[in-house]
Amino acid sequence: MVGAIVEFATLPLVEFPFESNYVRSIVYVSLYVSLTAVLLSTLVSLPVAMLVGFAEFPGRRLAIALINTGMGLPSVVVGLAVLFLVSNQGPLGTFDLVFTKEAMIMSQFVLATPVITGVSLAAVTGVDEGVRDASYALGGTRLDVALVTIKEARYGIATGVLAGLGRAISEVGSVLIVGGNIAGADGTAITRTLTTAIQLEARQGRFELALVLGAILLVLVLLVNAVVLRLGGGRI
Amino acid sequence: MSDRVIETPHRRVEDGIVATDVSHGFDDTGVLDEISLGLERGEILAVIGPSGTGKTTLLELLAAFYPPNEGEIRMNGGDVWSQSERERLAARRRIGMVFQEPNLFDTTVRRNVSYGLHVRRDWRSRLREWGTRLFGEGTSLPVTEALETVGLADVATQTVRSLSGGEAQRVAFARALAYDPDVLLLDEPTSDLDPRNTAVIEDAIGTARNQGIGVAVATHDMHQAERLADRVAVMLDGSLIEVGPTERVFSDPDDPRARRFIDGELVYTAGEKGD
Amino acid sequence: MHRREFVATLGVGGAVAIAGCGDTDDSGDAEITDETLTLTTTTSTYDTGLVDELTLAFEERFGAEVAVVNEGTGAALETGRRGDADVVMVHARSLEDEFIREGYGVNRRDLMFNDFVVVGPDDDPAGIDGTSDVTEAFRSIADFESVFVSRGDSSGTYAKERELWEVAGLEPGGEWYREAGSGMGQVLVQTDQSDGYTLADRGSFLSMRSQLSIGIRVEGPIQDGPELLANPYGIVAVNPAVHDNVAYDLALAYIGFLTSQAGQDVIESYTVDGEQLFFPRALSAEPNFEQYVPEDWTREEG
């Protein structure tokens, strides 16, 4: 589903003089991996942020500390950890995940979740308590209050999601290690993303192609940041 | 001399909320001391007293936000805190509440006002509602009627950010009315408003009472209490020192402190309790 | 000769057997659907483009997919040890021998060879141009303290470089000796930009030559240079007895294909900028037992 949307969105790139299939498949891999990782991460991060923000439980302070520390996890370290997890020798070896896009999604999930959770936590706890009380007083269940809180915090949460997406799409360390930077002999990227491709092409001295890929990555990152700025501005 | 005022026994509140011997405090600080008070349908009860005397806590307890440290909260005869979550939720859903701040949701007026109706639906119809929202919204009668009560039927499609403070509070009032509650609890609803918006809300309070809703209004504005209320309860230091029909309480209160408060003297609370 | 035929038949036979077991249609060719062969190789080998060429030919012949992971020599072997790869192609005989000795690799074959060259600036500050004594050349570079960029990683190239310094009796160090810790392409670019010397495999150098201003100062054995600069490539399958879920039969089909005349032809005809990069070595009428066991293996080892 995500793949179909991405394929459609990258159709304009066919006009490229450079090995259009190669570039298009690389963009597809990058978007597929990062978007899926961020989507899954958001589904987990929001309930966690609500829990940490509003529930009392032993170790709550520890959870907050973990979230903040997690935001700064080096991508190569996460990549190594996930590699050992999914390696044939590792605990998840039977699932044949090493050198697949799925493993890359796993590692980017780990990278994005603390960011999205942390920013969402700030956003939801920043919601006016009076509004939460109003939701409850009007006959809402605790779930209703939670939904209202998320809705009221939507701009902050969106900022967090986009920050997570920016982090995922720009990182090279973890996807290189768990994905293996594989491209078929026909030039179709399997686990080669924009970042790992740039790294490879630059290494081989193919600087023009590397710059083209870099430009595409830059455009994507700028797009993400532009949306963030617009959302942030719209709040006030 | 007894400081406690108990509702006369023959007044059995069938159809509203009754607090019996309710005491409550937070973190070792007492706020309410053995309050017994009832709110019936079809009446306006003003709860007056200096700020910090526990009016908000009392309203929150009546709204079943949290259980009182001591005492009972009964709704339609049943002790809400002995009931199951589901029964208590059903009891809570008969209550409407308006706070001193509008506390509106960051969306359109219409969606604010319909919120109460929305949460009372089961999930399937809620999803259907969300689905139809994508293709434009229809108007619903209760929403329109509630907005008309506060004179704002024409702003239904605006976002709340475009409203003035007074308009926002009126929308908050409509929001609490829209699902036809049995009782309305209002915590200083007009203290931040100009006279015109105050008048609109007081009008709406009267309309609500005439529709059979029991309205409790916490206020520090004595003139408002005199204007609106059928009955008045006077609180001081977390205790109920006087309660009765408005005219009697204002012209001839039993408790001297109540008299002093009504006469406009601020009654300081430290060390004055019955000695 | 019989051995070669036997291995090739084994590979093809294995492939055909799989095809028979799988739920494929009768498409004539031996096709192994849903199976991917994971091959690890070095960055320098991969960057020449030969591996993609071989992969295309193999995929056409067998229908299976090949996923090629390019990493450093050390990492490529490590991946094999973990069982995350099915077949490994590197050019570091001592490391390959270690791999086999530890029991992780089986069915090793000589694949091809090229050589190393010492490249440097045209004005040749260390004065080594044209010499056939590479050890002496290294000593000159050290004496003149000319910039030398080293791979500084676990690659076959670095292993060869270390060997040469050792033979020259030197331990290089100082401002002129720069350990890059990166791939061959990057090292060549860095050498070019600092007008220094480096040891490169001929293939990488040739495929990047058009972007560089440095040239070959000491030739390798392919152009009559010293044997010391030879760079042989080996291919070895990961032992299925250690990791029972490696695609062993596919790996042998791959090895069989690469060491068959068809594969060796692809290798021989692969050129960059009109120059041949690799020289086939798998097929020989003369027996070549050394390719199957560690170089210094003796019977007593057992």
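As written, the chain order gives the labels A, B and C, with residue 1 at the start of each chain.
The rule we apply is simple: a residue touches a chain if its C-beta (ideal position, glycine included) is under 8 Å from a C-beta of that chain, and two chains touch if they have at least 3 such contacts.
Owing to the predicted nature of the structure, the values given are computational and were not obtained by experimental measurement.
Participant: Chains shared as neighbours by chain A and chain B?
Facilitator: In this structure, no chain contacts chain B and also chain A.
Participant: Going by average Cα coordinates, which chain is farthest removed from chain C?
Facilitator: Result for max centroid distance from chain C is chain B.
Participant: If I average the Cα coordinates per chain and compare with the overall Cα mean, which chain comes out closest?
Facilitator: Per-chain C-alpha centroids ranked by distance to the global centroid put A first.
Participant: Measuring from the mean C-alpha position of chain A to the mean C-alpha position of chain B, what distance in angstrom results?
Facilitator: The computed centroid separation for chain A versus chain B comes out at 46 Å.
Participant: If you average the Cα atoms of chain B and of chain C to get two centres, how far apart are those centres in Å?
Facilitator: Spacing between the chain centres: roughly 82 Å.
Participant: Using Cα averages as centroids, what's the distance between chain A and chain C in whole Å?
Facilitator: That gives a centre separation of 37 Å.
Participant: What residues on chain A touch chain B, complex-wise?
Facilitator: 128, 130-131, 133-141, 144, 148, 151-152
Participant: Where on chain A is chain C touching in the complex?
Facilitator: Listed in rising order, the residues of chain A that touch chain C are 87-89, 93, 96, 98-99, 180-186, 190, 200, 202-205.
Participant: If you look only at chain C, which of its residues touch chain A in the complex?
Facilitator: 38, 43, 47, 51-53, 55-56, 59, 65-71, 82-84, 182-183, 185-186, 188-189, 207-208, 211, 243, 245-246
Participant: Sort out for me which residues of chain B touch chain A in the complex.
Facilitator: Those residues of chain B that touch chain A are 63, 65, 89, 92-93, 95-97, 99, 101, 103-107, 115-116, 119-120, 172, 175-176, 179.
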